[in-house]
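Dropping the structures in below, format is structure tokens.
Heads up, the next two complexes both have chain A, just with different partners, chain B and then chain C.
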Partner chain A sequence: MSEQKPQTVPTTGHVWDGDLQEYNNPLPVWWVYTFYATVIFALVYWTIYPSWPFGKGWIGGVSKISYVNSEGEAKTHSWNTRALLLADMNKAAIAQKPYFDKVEAMSYEEIAKDPEMSGFVISAGKTLFADNCAPCHQAGGQGMIGFFPDLTDDDWLYGGSYEKIHETLMGGRRGYMPAFSEVLVGTEIDQLANFVASLSGIGHDTAKAAAGKVLFHGDAAGCHACHGSDARGRQDMGTPNLTDNIWLWANVPAADTDEGKVAAIRGVIASGLNRGVMPAWSGRLLPEQIKVLTVYVHELGGGQ
Partner chain B sequence: MNINFKHEWIETNIGLMSVLTMLAISVGGLVEIAPLFFIDETIEKVEGVRPYTPLEQRGRDIYIREGCYTCHSQMIRPFRDEKLRYGHYSLAAESQFDHPFQWGSKRTGPDLARVGGKYSNEWHVQHMVAPRSMVPESVMPNYPWLLSTPLDLSDLVGRMNALRKVGVPYSLSQAEYGANVTRFGETVAGQLHIPDARKNLIEQANFGNYDGDRSGISEMDAMVAYLQVLGTMVDFSKYADDAFVDNR
Partner chain C sequence: MQTGQKDQSELYQKRIPIFTRSVKGRFRRFKTSVLALAYAIYFLLPWLPWQRLDAPAQAVLFDLPGRRFLIFGLTVYPQDVIWLALLLFIAAILLFFVTGLVGRAFCGYFCFQTLWTDFFIWIEHLAQGERPARMRLHRQPWNSEKLAKVGGTHALWMLASFWTGLTFVAYFTYAPQLLVDFFTGQAAPAAYITAGILTLSTYVAAGLMREQICTYVCPYGRFQSVMYEPETLAVHYDARRGEAAHGRAPARAGQRTLAERHEKGVGDCVDCGLCVQVCPVGIDIREGLQYKCISCGLCIDACNNVMDSFGFPRGLIRYDSEMNLASPVPAAPKAQWKNLKTIGYGLALVLMTAYLAYSVATRGSFERAVNQIRQPLYVVLSNGDIRNRYQIRITNKAAQDQTYAISARGIPADALDLGNFSEIIIKPGHSALVQASVRLPLAVAAQTQRFELVITPQGKPAEAKVEYVRFDAPGKRP
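Entry: the complex of A and B
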């Protein structure tokens, strides 16, 4: 290979170890021009975009971005990603504005009836639900026994109207029931558990249930004060209906035997509940996102 | 060739060549990084950002030990889809006390910069012990030992001292404590006082009961305390949406 042109190409003139020389080939033309092009690119770039530090600040560049801020003021700023985001949000807001204006203006019922709007709410709500709610309430909203309520049935702790769902999302919720193991003795808790089981048609000891009924309505246990004297729950306190055989905390469905089911109820009464924490979303999600989610949850099945 | 004289001189002098090569390479870094120390607006002026409490700081150490950063970033970029999913973009001010910061760019899992308050403590505990019990399609590993390992407090003071040396305003003397009271208020300043670190940590863990188990302080207590504070220090409702545009 090297026999071809040793004479035609000049060397750098260095000689190492007596006979090692270095060719001085000119750079390929395409390379040289690409290099010049990158230099010109850099000059153009420096002019358009913020680049060089200058004093206590920097040179902003000639490219400008216009946006409208949350105060409604129109502003122009030299190019940067933060200004670009605001302009982007404005643009997206304009594209979706007709929809969000409608969401804002229409009542919940009207949105649900309007096929175009409910289509929009369901597709937008699905993403929001997947990112924020599904880790707890699960992808379809079916919840998880012992942890998170089912949002697809018509059994509600705090109420299934649009207004109540909205209230739940804005402020969050925290269910609390005291532990009765310190107030009541084991036999009393057992009697109460049998009574609660009887309300849902679960096999129970009738004598114990009768005693439990008295305790339920008595003042020592005070169950009726929170769960209501009909034991159907009070949505203003977030207490569950104990008569519908729908369970969130007592893992009744998992037990095969009636004794097991009663034991599950007993466990909840004895140890109380303090685990039901529904986070508040008012600071985290935008108001229109929360309205979309309200309709979405309502349409999951059980809205009232 | 006499114009090549200098060149040849460098090429034959390996020490000089190393020095000159290093200088040439560092120009790029110097031009990009050095000005940030002189530009006033690099770190946004916001209220609320404080160093971590001893418990949160221990949680952060465990976060790093377990390599959570290999799958999670803590840097919300100013893009529309990130704003809609994660919330306000991260500010430089929010990681000013992080050593080392956890910005990252690897997102096998979601960004965690604002995960604080998004879930309940109980969810975090369950999710950390067995992610798939909460999120069936998750690929996050199980970290069950966080719940069963008692939190090591023996080197707490040493760790805080080390951070103090790199500029985190944890206080040792009364004068430093006083400066923190002016800067962060009394409650926060108390948390930053190294001589009280152990007491503060135990108090916070017992009060918060992050892991749902009152029998002792586990690594989970620290981890959840840390996760729950992420991204919650600045109240963005106090700032216009373009309040931080001039900083870039």
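Entry: the complex of A and C
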């Protein structure tokens, strides 16, 4: 390697100022041919794929993408990634269509009994749920205490039959409870909270609970009007059962002490709530998608 | 040898063309038999019919869209990937085992590069004649004869390569249909691309590159060298006998018989050069064991033939070990298997083969996977009970519809809720999902860490499979 090669580089032949010459060191042959190959590649590429802007559009190229869209119209585009995506999406939609058609034709019970359709609902429902419902109800449908109801338990505010779940999905829901700090004083709210705690077997002050029971059934507070005289809630109004272990608004499970649990209940009674809003999905999702979700949600909590 | 400046500046040495002479003998017969057998299997297997209920009647069909390999009566699903792992392990161990005993036997007799190269050389021989004729043809200027012979050779190579590629594709789809579709332009793009790539690679590897693949490309040839032991049998030239005191010499007058040669101190090698002429990798075995040697044994055949014609004893080039050749009194060459390495490999080979055979023979007629639903891990129900949910996927690997029953052990009988699917019918090759939920009172839940889910195919209680699953409850830490 250390040996010096004889200097035999030719010059371009031009001579300036009598003695200035220029060496002629051409590019390596492989480089030149690679360059020519890229030129040819570009020409071929221009012919096949969209390339130059032209007027208000562009030169589309000879490669085309054809597909039948959801309205059944045949569409042909020059090749581009958007058309490629559309073609893929429509292909997938066409492959799914027989299943969705079956979903439309079958009753809820038939779908739940058919292994194949049940499998389809589990997988298609999971995707639909993740896209539309999971932001509030969470990925597994477990909801979030204080915000969104848990769909995986056996408690259904508005009813857990297929028909009721469908109704909830189609029309949405709006839960409301007035703020009782406006009509009751602090001690009364505390008494009510102790009474509600007693219903679920949470440690409480018996004297306060007894007073709370009177308040619950009395007309000043009027709790029984919505929650029922047995405090088990009314599904036609979406009022929760206060006697069970399910908590949506008052974060009772998170509190370690009985005082904390009662305080959580007190907070809800005092300030009421006006955020139990579920949007209506009838205009946003297709009927068969809502049907799939109905079966999926029914399956999540085991229905009623 | 002084190489010119031009050669020094080139990155690669120019290939010296090799024109192998054909030879007859034991090793040639063995190689030809292996070639015939391997080709018969490779080229005919996709055409072997095999009646099936739910798939094309092809004995060996790698059904990629169906996610299954159909091999005679066996259906292999992706879940059986352990078999592939075992097969690869067995192949690797077999290579180690054989190489330690008898050297690069895989390279010399079984490797597809060797087989296809051998076949391509046979085509070349068919079209252009024996070695001297081929050399003459190579040297002579281009004329119609050379064009026809060389062109014909390449055309035949192309044809053989194409059929190799097409046969490969035929393993992945119904072969008779593929043949029609392929030539009417109806086959899948993947079929054309695969056949095209394999045609080209076969043509280049077996026709043009040949021994360069073994020398420069293939890693196996190189790492097999490290498995050689001094006791390993390999193709060796007995230099002590061949060279004697004064080296090899042609069989001229006065040194024709062994007695005359030994008296003069001349070796038994008559320097005919046939061992070099038959060598497919273009080496001279008399220079000793070398990395290019694929150990095909053709030089042994060539030398034995020459020894026979002079009436000399055979085996001047033979399978022998380095140790035996170096010993003062060489014994008869023998495979030395009594060492820890060989016995260890042999044991691993037997164990793994037995395990694979056992695993295939006792494969279940169905596959199951149970996943606990982890979002949420558990649900507190209105009366304080705890519910866990599980997703059970059952794949029916049998050839007919099958009903499966799911039950639980280790929890109260009424705790398991399978919805509508306490029994489920699954079509062959299909999977079904069953959502199971288990509900336990808080006190029981706190005691239950695990329980068993039993999946029983109807009518085959012996094939029932048990899956151990977790049960989670509040307060428990994983």
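We take it that the second predicted complex is superposed on the first by the 206 of 304 C-alpha atoms of A that agree within 3 Å, B and C clash if a C-alpha of one lies under 4 Å from a C-alpha of the other, contacts with A are read in each partner's own complex, and residues count from 1 in each chain.
Following the convention adopted for this analysis, a contact is a pair of C-beta atoms (placed from the backbone, for glycine too) under 8 Å apart; a residue touches a chain by one contact, two chains touch by 3 or more.
Quick caveat, the model's predicted, so the values are computed rather than measured.
Student: Using the superposition on chain A described above, determine whether A:81 touches chain B (first), chain C (second), both, or neither.
Tutor: The answer is first: A:81 touches chain B but not chain C.
Student: Is A:251 touching anything from chain B or chain C once the two structures are fitted on A? First, second, both or neither.
Tutor: Neither chain B nor chain C is touched by A:251.
Student: Under the stated touch criterion, name the partner, chain B or chain C, that contacts more residues in chain A.
Tutor: B
Student: For A:89, select first, second, both or neither according to whether it touches chain B, chain C, the two together, or no partner.
Tutor: First partner only.
Student: Of the partners chain B and chain C, which touch A:113 in the superposed model: first, second, both, neither?
Tutor: Second partner only.
Student: Who does A:271 touch here: chain B (first), chain C (second), both, or neither?
Tutor: Neither chain B nor chain C is touched by A:271.
Student: For A:161, using the defined touch cut-off, is the partner it touches chain B, chain C, both, or neither? Pick first, second, both or neither.
Tutor: neither
Student: Pick out the shared contact residues on chain A: the ones touching chain B in one complex and chain C in the other.
Tutor: Of chain A, residues 138-139 contact chain B in one complex and chain C in the other.
Student: Using the touch definition from the top, list the residues of chain A that touch chain B in their complex.
Tutor: Listed in rising order, the residues are 12-14, 50, 53, 56-58, 67, 69-71, 75, 77, 80-86, 88-89, 92, 131-132, 134-136, 138-139, 144, 147, 275, 277-280, 283-284, 289.
Student: Using the touch rule from the top, collect the residues of chain C that touch chain A in their complex.
Tutor: Spelled out, the residues of chain C in touch with chain A are 373-376, 379-384, 387, 389, 391, 417, 419-421, 424-426, 431-435, 437.
Student: Touching chain A in the complex: which residues of chain B?
Tutor: Touch list, chain B to chain A: 1, 4, 8, 11, 35, 38-41, 77-80, 83-85, 87, 89, 114, 117-123, 126-127, 134-136, 212, 236-237, 240-242, 244-248.
Student: Give every residue of chain A touching chain C within the complex, in rising order.
Tutor: Listed in rising order, the residues are 112-113, 115-116, 118-119, 122-123, 138-142, 150, 152-155, 241, 244-246, 253, 299, 302.
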